[in-house]
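My questions will all concern the structure given below.
Chain naming follows the written order as A, B, C and D, and within any one chain the residues start at number 1.
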Amino acid sequence: MNSELRVGVVGAGAMGFDHVKRLTGTITGAHVSAVVEPDETRRNAALEHAPQAQGFASVEAALAAGVMDAALIATPGQFHEAGLLACLGEGLPILCEKPLTKDPASSWHVVEAEIAGGKKLIQVGFMRRFDREYEALRELIASERVGELLMIHAVHRNPSVPDSYDQHMLINDSVVHEFDVVPWLAGGSVTSVEVRHGRRNPNTPAHLREPILVLMELDNGVLVDVEMNVSVRFGYQVATEAVMADGIARIGQPSGMQIWQNATYSVGEHADFTTRFVEAYDREVQAWVDAAKQGTIAGPSAWDGYKVAVCCEAGVRALENPGRVAVELPPVPDFYA
Amino acid sequence: MNSELRVGVVGAGAMGFDHVKRLTGTITGAHVSAVVEPDETRRNAALEHAPQAQGFASVEAALAAGVMDAALIATPGQFHEAGLLACLGEGLPILCEKPLTKDPASSWHVVEAEIAGGKKLIQVGFMRRFDREYEALRELIASERVGELLMIHAVHRNPSVPDSYDQHMLINDSVVHEFDVVPWLAGGSVTSVEVRHGRRNPNTPAHLREPILVLMELDNGVLVDVEMNVSVRFGYQVATEAVMADGIARIGQPSGMQIWQNATYSVGEHADFTTRFVEAYDREVQAWVDAAKQGTIAGPSAWDGYKVAVCCEAGVRALENPGRVAVELPPVPDFYA
Amino acid sequence: MNSELRVGVVGAGAMGFDHVKRLTGTITGAHVSAVVEPDETRRNAALEHAPQAQGFASVEAALAAGVMDAALIATPGQFHEAGLLACLGEGLPILCEKPLTKDPASSWHVVEAEIAGGKKLIQVGFMRRFDREYEALRELIASERVGELLMIHAVHRNPSVPDSYDQHMLINDSVVHEFDVVPWLAGGSVTSVEVRHGRRNPNTPAHLREPILVLMELDNGVLVDVEMNVSVRFGYQVATEAVMADGIARIGQPSGMQIWQNATYSVGEHADFTTRFVEAYDREVQAWVDAAKQGTIAGPSAWDGYKVAVCCEAGVRALENPGRVAVELPPVPDFYA
Amino acid sequence: MNSELRVGVVGAGAMGFDHVKRLTGTITGAHVSAVVEPDETRRNAALEHAPQAQGFASVEAALAAGVMDAALIATPGQFHEAGLLACLGEGLPILCEKPLTKDPASSWHVVEAEIAGGKKLIQVGFMRRFDREYEALRELIASERVGELLMIHAVHRNPSVPDSYDQHMLINDSVVHEFDVVPWLAGGSVTSVEVRHGRRNPNTPAHLREPILVLMELDNGVLVDVEMNVSVRFGYQVATEAVMADGIARIGQPSGMQIWQNATYSVGEHADFTTRFVEAYDREVQAWVDAAKQGTIAGPSAWDGYKVAVCCEAGVRALENPGRVAVELPPVPDFYA
């Protein structure tokens, strides 16, 4: 397919709204062609960020209109099953926000429906797999450069949670990520789960009991503990420490992945400018494109370029002669002031 | 302008080629409509990454064809002036790779031409201004939260340079970035430049004399030193340390911006999940869009979703009961194996 | 007591030998007056580092000689009880290496004997309480500046263990430290212990099964997990992470205590030169004392002092004048060459 | 000499007072036998920390009394020459606080006097050479493991200075350390000095002009810059960055020595428990010795030892059985409460 993928976003709550903006402003090769949301206010808010999209109140209506090549499902979890089955029925590729569905029985139902259709169409939105540090840690573990994986310590710390967050969401909304990403990192499957309780945080809302420590065993013998902590206030932190036969690796720290091996603690530095400044180049060109469409610029001007040329000329003289070389600039033209 | 910006990329060497790929694969709201490059091999290589573009051997030919809304100039510096003047003549917005032109006289000429046209059309490619840490440091300095800026120590370390890199390029190709970004950070203008020499690096190519220490004075009294080092081998590092009246800030370290104040060294952590995982979400959706267009998926499958649902059910039981709860999964269906 | 404390060191294995050297070379106000060790080779090796000491084959003989004001017991744990009771009988102050004795019954016996004597004479060698970071963490927890303590994650990683290290020593020799220091940090008492197993480390000796994760509950609700890992090879690491209501603190990292609070990660810097260089001053004066007793010096000479005086004179001129000031030194006199 | 070195401390200002306490409380093999200080109040204050010392108003009186084996000179710098010559005359080993004397002529005079005596007796108090990180950096540079040394960047930052600190002291009291330690690190001799000025710090006292940047050239081609900053308020920092042919090393950071090489940033971890806890052992034994002399203990009691024995017994059962093992303790005896 050379043309752009026409994506219908199903559900325009916080998560769906965010995906609409992402598809419009960041993702290349696709655009939002439909916003499916029964609530009119939310639907219209999302449509403001989707200039090529139509609004629909139901998935069925959107499918009937034939404007979608693919669907991104971001409704609350209890509605996923219906949306998934409808889209599977049309053979559409689907990105479904986690969880797949609300329980194992309905998830199994979806799995059966996908198998019946004969084609893998569903991708589930466990986005940690796309985090560069998780990728690097998985690669490190698989390589066994630091030896076999033995244990994993994970922490998931939220500053606070909304009132709607209930006790089961500690598992279904938060630890759920670890249930996906830990086996993916560790190359095994979960065989048991246990929950232990820490001292109650005085910041914890009355209807919750946390922090908790979740212990998971994998079929390859790896033991996993997860601190799940939703009222710790200090910030948002999702971090993982992998204990391997010959050392330790940590991700989710401000410094990037840390490796502890051979009595040394090390962190990667850039090897060349392409990684160091790739994001700056991307942002520079995007800012320029956006400004050019408005008839303006969004960065250093020709006057800035001229000033630098004068400095360089002085710099080259200084390179070849001892002492200070004066830099003399004319006054700034009004045009650039 | 609602439709996409049609960008002509002028020059398809390493930098131009990279910008073609960026405009096609990363930047939204624009596409490459023309590749201008006299060398046919290079031109065709770039065109492979620009499905909507035509090739031209000269700027004049491309302008005559009327296919460009804007130009990105990435030719060698000595050809910038001609390209800039041609595009200015047509009133096109221009992103011009650094330097603006090869010397102050030609830069002044460009400035005059732009002023004569009555509209700011030129943005110069000093991309450091778009690096998030430089932005944060500039904001910190301007805020005076750590007091007035007094000195800047900068380092620019390359692992090595190509044979074509000559002595003047220490200034014109490398320190040139500091001539732009330091005044932008410090809110002043350069008044003098001096160059001092360190001990010669045995890794330095025979035709170069480096490392050097460049001293710059600004009109607001700030003193700047820049270590310019192109054979240091350890990696690529561009880092800046701002000495302020009440503390120090550093950027360009693996940990992100460090602030030293009140007998404490601190680094920011994430405050919520939007900053922690924004890039993972972007990469997830882009990978899914790319895969969907090929009829595949590129992430967790429905089977992964089902397995997590089983773990969550066990996890909720563990939340409510002491001891281990077994997780029992059916065999993987062949469909997902 | 103004005169020096006469210490009898009981046991001259690795630990006792080390304490003999420490008492002789580092500790002020005391000296080793007796080395008690039945093995003659070991006893003589220790006596070489204890110029004021006599050797004895038994505690009883040493006590009878009346040369000890105090005893440092460093025999294997199964002999502690007998040594403790003998020294308690003489009313001597005792520093007893951990553990107090080999099991609860014998420890209770010692406690009863001490109570019967009416005076606290025994200090047990849990040296972590004297580590500056443990002290700082305890103070931080007690202060509740980061809120109430909720959980503790600890790791104890050894590169390897000797053949004599058996499975029970995972608890009795290693986790034993946590049994002392965690309640001391957390202000509570241990109410339960559980052990979980990680995947077996291929580096683990055949007769051991580790790493393990030890879970401890305290009577104030704090949950503690301890990774105990004796074959991890990467180095020696004993680290503790305290999860508090409003943030996190970590000790045992190369950077010193880290505090994560208010979306910031911070580490202390020195506030003045006394902490920065206190150890350098101590080492300088000790090196000078040791050298002076040998009729030599062990640091910068008068010639070094002269050279610096010349540099300072040039530096003051440079402070008052622009440009480089030459530093001219006469040739080094043969006397200092 | 087997007996203790009898040290006369000459000058009992802040520095001398500190050395008296150090010699009495920290240094082994020596004691303060004389305090020489004309000011009676200061002299008596120092004598309180020197139980074996006599007080004198002049060096001559102290020398005449024959109570000194060695002298530690800590008077103000302008009085060093007289004290040095007097002590040299008696053939005493001398530790002389920096600077050697107030200017090159008087330093030369001292050098001549020492040479005439035929024996190196003077050690100058440049204590940075005894800082473990400076030692490690010097060793690293000499080894050329990261290649030849090319440049040094140093910073010396004070939070503030007393009113008595004048402009020349920037050089004579502060940069003076770099004049000693940089050639010692770099294996060269200073050939020129230049001073450049940063923007004036609003915190700087009216009679000073700083911060300054001091540029030093060494005879081996190494270029050195020193930021000297005495009003930066954030804390006390003395740090050095060595630029070598293949990488970078930094000392004076909270993390200990950092090495940047092969696109990696690394910091040492402990290899075994001896370095990790050596200071804790020293402090433990010293605290116990001090307490034993007072008839008390200063650490974990026998009761603490008993509690740990109970935990260990439970821990060993937990090691061999699944699930939680309760830890049951009797009430704390009043004796230990």
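By definition in this document, a residue touches a chain if its C-beta (ideal position, glycine included) is under 8 Å from a C-beta of that chain, and two chains touch if they have at least 3 such contacts.
Every value quoted in this text rests on a predicted model; they were computed, and no experiment measured them.
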Fraction-based call for chain D against chain C, same above half, different below: same
Identity of the chain that, by mean CA position, is farthest from chain A: D
Winner on C-beta contact pairs when B-C is weighed against B-D: B-D
CA centroid of chain B to CA centroid of chain D, Å: 45
Centre distance in Å when chain C and chain D are each reduced to the mean of their C-alpha atoms: 21
Rounded Å distance between chain B and chain C, as computed from the means of their C-alpha atoms: 49
For chain A, residues contacting two or more additional chains: 159, 215, 234-235, 237, 254, 260, 263-265, 267-271, 323
Residues on chain D engaged by chain A in the complex (per definition of touch): 260, 263-271
Touching residues on chain D, where the partner in the complex is chain B: 146-151, 153, 157, 159, 196-203, 211, 213, 215, 220-223, 225, 227, 229, 231-235, 237, 243, 245-248, 254, 260-265, 323
